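Look for subunit A in each of the two complexes below; its partner is subunit B in the first and subunit C in the second.
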Partner chain A sequence: MADIYEALVKIVGKDYISNQKEERYFYARDGGLMPPHEPDYVVMPKTTEEVQQIVNMANKEKVPLVPKGAGLALTGLVIPQKSGILLDMKRMDKILEVNEKARYVVVEGGTTHGALKSYLQKHHPDLRHSIPDSPPIATVVANAVIHGQGRLSQQHGFNSDMVSGLEVVLPTGEICRIGSCSVSSYWFSKGPPLPDLSGLFLGWFGTTGIITKLGLKLYPCKKMRDVMLFLTDRAELVPDIMLRLSHTEMMEDITISAQPMPLRFKGTFWIMAYITGDSEEELEFKRKMTWDALWGCFERRDGGFISLSPDMKAPLMSMPSKDVTKFADVAKGGGFQYAGPITPIEKFPAFIKKLDEVAAKYNVFYASTTRLIDAGHCMMFSFSFSFNRANPDEMARAKKALDEASRFALEEGGVLWKADLDEQKLLMERMDPNTLNLMKKIKQLLDPNGIMNPGNWEVK
Partner chain B sequence: MMQQKYASQIHRCFRCGYCEFPADYSSFNCPPYKRFRFETYSTAGRLWLIYAWLKGEVEWSEHLAEVLYTCTTCKNCTEQCPMKFAPDIVDWIVGARSDMVEKGRIPPRVARFFEAVYGYGNPLKLLRSDRAAWANGTKMYAPGDEYLLYVGCLGSYDENGQKMAKSLVDVFNAAGVSFGILGNDEECCGNEVYMLGEMGLFQTLVEKNNQKFKELGVKKIVTVCPHGYNVMKNRYPALGGSFEVYHYTQLLYDLINKNKVKLNRNKAKVTYQDPCFLGRYNKIYDEPRQILRSIPGVELVEMEKNRADAFCCGGGGGNFVMDLLAGGEESPARIRVREAYETGASILAVACPSCLTMFTDAVKTEDLDGKLAVKDISQIVKESLPAKKR
Partner chain C sequence: MPELKFDKTKCTGCKAVSCLVKCQYMNLDRNKAKKEWQKVINGEDSFVLEACTTCYACEEYCPFGNHPFYLIVERQEEKGILPAPRPIITMWINQCQPVGRFMVGKVEERALSYCFMPQFNTLVKGKLFDGIAWSVIFGQEFFCNAVYLHYARASVIKDRLFKVMDNIKKQGIKELVCLHDECYGTFTSLAPAYGVEVPFKPIHYFQYLNDKLKELKSEIKPLNAKAAYQRNCSARLCPQTDHYVDDIFGLIGVERLKREYDKENGLCCAEVFRMAKGPALADDVQKRNIDDMIKVGAEYCVFNCPACWDSLAEKVVKAGIKPIHMIDLCKLAIGEEQTLKLPELALEV
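After this line comes the complex of A and B, so read on.
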């Protein structure tokens, strides 16, 4: 092991490697409920070449490697289950290129969403990317690897759908480009018209390679934004409301919040319709179309629009939203995890009912945020539970609530998002055997020594 | 009390990482995280490790203590943290330090800091009898003087701090301010001792100073240093202090407004560093800028991160002496002088002797000598006085 330490020092320099207890302790866990497991080393590479040298050494020595962004999936995906080397990628933080005409950006593997947002606002104010609700330290690559969603997912799908190219260090050490950048200097497409190889890496949680550069599609950034809030207490109407809003083809984003506290919120669903415009006229037209889309609901007294004061509107408009993170302190205990199944939107009423049921059964704080994805093809529904890290019993109850919610979501035809180890097993048990076998073959082909983030997507 | 409070609350950090950024998320703004880049050196890392130490999951080690003591207590985290407990974060860190002090588990550099203050009345371990060596005939405080000018340890002993103190004395004299100093009778203000967690020594210092102020009938204190201003304004009253306290920029701004300080043209492009203990701690953002703007010919340009988003020089929490964040291009002071230089300014103005020293050194290391001058506002004002008044 001393040899590995020395080898890593030679690659990244002594300031950027640690095998001390403090770093091993912190990097052994995330803010969620999965049990910790310590790495042997924490390393912070700066360049693709350093990553390549680390991978070559690890592959030769058969040492596990876990690439990490900010660890905000909360499902333990970057907890090094079999120890080894944890690569904190956040020193690779350069924004390498913005192509305004082809509307894409190329970033290094540890660039944060916060830094990208700030950079675009400053240097390319007509362009934007799909900002997730996670805190600004979430990295662009990690968010794509877990098929994250963001502000533009209603219009353009999962954030991983917006990837426009990859540079990957394969587990065997080759540096490989994926998409148009493999044959051209442009990063406009992750696949078409070529075979789309990005699927070998997106959604694999770092088990098939380390993404060192990523191209991301950018979209027009309108000068103005607004949010309209429609309130209803009838869960069974929510899918139709979502579809009606989506039908306008004018929505930046459509989300639904539900939470029992403060008590005045209990039993109501906050449907937020985000619109954008380059002029007040455009915005006003979209407000009218949004109003018209839900006029029938209003007439039947099924719900109504709520006027928002500037103080209420500001947190709803912020990107990312600090209010999402504040949920972690509801139980005054620094813990928060959610199961976020991707599911048909018709399941909303059943999922809301189940959320109330499991929260009551396990006596845990809860909330839910739903986001429409890709014009209604599916939604992400979060069963979110806040817990006190100083209260093991509450943590155990939150975990049971999550497990039950996940099993329910599967039974209802949903697919678990950023599944933790237990949920991955549930998914693989239900997966078509031939699909499972294909995953196994791909993994063996790309990572013959099984060094990449072992434990995850492990097909027996 | 503080120890009990931090121990019962510290687990509430969710490690969301907002604390590492400024408001626009443009780059990391936590000095030790920016310097070391391991997440352990972020506020979240520090809080989680302290909690682990309290639970017995991590043993005390010198590395653990260094992680804790690299925090400059700059309060960027409290500005950015979205949680309700945000205002308490620095108190939690100070509480944990206090716990370590009581258990005798502190890094050697911290121990030396305390020993120096205890033995010499200053953290630089310089003789008490030399404290007023800079003063060159500056009037000693006597009952009837309107202000006690509290010079502080850096103003008294540090070469750059002394220049600052001398300039301020000249400006006050030119403006006809009634003031005096304590000379060799002055003692450390205790701000850093508090932030480093030595509560016994802190209490001794404060009681001693309060007693001295009382005996001399001091009603108004003006401090050279924001650190002294902060502790005298926010901590001394609870321990018996009864006086008004001002940072010198507040008084100077008032004097300029009342036309008691006349300023000549001084053509320069200047950027300004908000000291943490003036800005984030006490919300004094405008007076220093107004002073600079009132000098004919001065063009004030802002660094991208300013006011509540200002990036700390790295000297807070005793680090101007202990220097736990020094070394390498990513040391906070070196980063900040690069940011200052990027504005096109020829002068980086400060209002704190700690910033003055940290940046003066960093300018040399960054090879910006001759391109970017670091000056305290008092020095710029003195240079702008009519020749006969200087």
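After this line comes the complex of A and C, so read on.
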């Protein structure tokens, strides 16, 4: 083991490696419910070449490797289940290129959403990217790897759909470019017109390679934004409301909140419709179209827009939303996890009913946020529970509630998002055997020694 | 449940039917108004119950103080009419439900009521509130609940009113300075209309400011400003306080501009209309109101109600007029700063 430590020192320098108790403790856990497990070493590489050297060494020594962004997935995806080396990617934080005409950016593997947002606002104010509702330290790469969503997902799909190229260090040490950047200096496409190999890495939770660079599509940044808040008390109407809003083709984002507390939320679903414009006239036109889209529901008195005071509007407009972070500490003690199945939007009423049911059954506080993805092809529905990390009983109840919600989501035809180890097993049990076998072959081909984030997506 | 003290004989002898004839949103001549009002009194169906925008103004128009608006609200509720979409009503009812969470300062016999409006936390600063700033009640437990007049839920008001009074009384309050007309209107109009005794003395904050400014007279530097005054819906419940606007303006050197939409013909902020009737009516009312302010050359738009501020302040700014709350206007006159300002909205993308 001393040899590995020394080898890592030679690669990254002594300031960027640790095998000390404090670091191992910290990197053994995330904010969710999965049990901790310590790495043997934590390293912070600075360059692709350093990552390559670490991978070569680990592959030779058959030492597990876990790449980590900010660790905010909450489902234990970067908890090193079999110890080994944890690669904290934060030092690889350069924004390498913005192509304004082709509307993409190329970032290093540890670049955060917050840094990218600030950079674009300062240097390219006409462009923006999809910002997830996680804290700004969430990394662009990790969010794409877990198929995250954010602002603009209603229009453009999962954040992984917005990837426009990858540079990956394969588990066997080769540096590989994926997409247009494999044959050109431009990073405008992750696949088309070539075979789309990005699927070998996106959604695999770092089990097939380490993404060291990522191209990300950028979108027009309008000068103004606004949010309109529509309330209904009938869950069965929500899918139609979502579709009608989406039908306008004017929504930047559509999200739905449901929670029993504070009391103003009780018994109603809060549907947030975000619009953008380059002028007050454009915004006003979109506000009118949004009203028109839901006029029937309004006339029947089943739903209505609520006027927002500036103080109410400000938190809804913030990107990322700060409310998620607040919810994480509702129970005090800072624990929060959610199951976020990706599912057809018609399932909203059934999922809401189940959320109420499991929260009552396990006596846990809940909230739910739903986000429409890709013009209504699906939605992310979160079964979110907060808990006090100093209360093992409450944590156990939250875990049971999550497990039951996840099983229910699968039975209803949903697919679990950023699945934890237990959920991955549930998914693989249901998966078409041939698909499962294909996954196994891909994994064996890319990672013959099984060093990459072992425990995750392990096909027996 | 207390019952509305409505005297139908007063209406029988009424020739003017001002409650409906003067309505700014229904175009009725006296004959038609008389017929429709009789239907309302009789508990029959009348289009008035559906068309009512809940602007509260008929409470002021009635020369007999016979509470026509409260009767409309009662009838709307009896007939299950929803002046606003059901979920919005649900949200309001839930939001203000007493939960046993008493938000109080160091309460003394004389206290300030912040109603359920956090803006007063920002506004109540400086010399105007010396000696009372800490004596504050706020939140659901003391909330007057008059807002449910907009939502045909007189039953909620009646259900909660006794408890609210009792909560205030238990704080040992003898004089309550109401910073929101809705509270003052509840204690001086709504409660008496339902025969509910008010166990403390309500004081309108205009009166409080007027008295305070007289105390601070030597420190006043006239503002020499021209202002449009923005009347709010609940001012209709206490029109007897309107003269204080003139009194205060006189003390601080502000001209209350004569305009079409002030006093009895005032237009409210109209945001309730947006939620209840849709954007067309609300936009029209707001545009007419602000155009009127521009027409008379208003430098300031002076707000009485923080909810009006929320609805109109940004729009007023876009019209080149400075929005200011009455409390802040008084502060300016004694050399203090305006504290309620528009927040920097997170408009970044």
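One rule holds in what follows: the second predicted complex is superposed on the first by the 460 of 460 C-alpha atoms of A that agree within 3 Å, B and C clash if a C-alpha of one lies under 4 Å from a C-alpha of the other, contacts with A are read in each partner's own complex, and residues count from 1 in each chain.
In this text, a residue touches a chain if its C-beta (ideal position, glycine included) is under 8 Å from a C-beta of that chain, and two chains touch if they have at least 3 such contacts.
Everything numeric in this text was worked out from a predicted model, so none of it was measured.
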Fit-or-clash call for subunit B and subunit C when the two complexes are aligned on subunit A: fit
Touched partner set for A:Lys288, first subunit B, second subunit C, both or neither: second
Subunit B versus subunit C as contact partner of A:Arg225, first or second or both or neither: second
After the two structures are overlaid on chain A, angle v-u-w for subunit B, subunit A, subunit C in degrees (C-alpha centres, nearest 10): 70
First, second, both or neither for A:Gln20, with subunit B first and subunit C second: first
Subunit B versus subunit C as contact partner of A:Lys101, first or second or both or neither: neither
Which superposed partner A:Lys460 touches (first subunit B, second subunit C, both, neither): neither
Touched partner set for A:Ile137, first subunit B, second subunit C, both or neither: first
Minimal inter-chain CA distance - subunit C and subunit B, angstrom: 11
Overlap of subunit C and subunit B interfaces on subunit A (superposed complexes): 121
Of subunit A, residues touching subunit B in the complex: 15-16, 18, 20-23, 25-27, 30-31, 42, 44, 70-72, 88, 90-91, 112, 114-115, 117-119, 121-122, 135-137, 322-323, 325-326, 328-329, 332-336, 388-390
Residue ranges of subunit B in contact with subunit A within the complex: 11-18, 20-21, 24-27, 36-40, 45, 48-49, 51-52, 57-59, 61, 63-64, 67, 82-85, 328
In the complex, subunit C residues that touch subunit A: 82, 84-88, 90-91, 94-95, 97, 99, 118, 271, 274-276, 278-279, 307, 310-311, 313-314, 342-349
Complex contacts: residues of subunit A adjacent to subunit C: 121, 128, 221-222, 224-225, 231-233, 262-269, 276, 287-288, 291, 295, 298, 301-307, 309-311, 313-315, 317-319
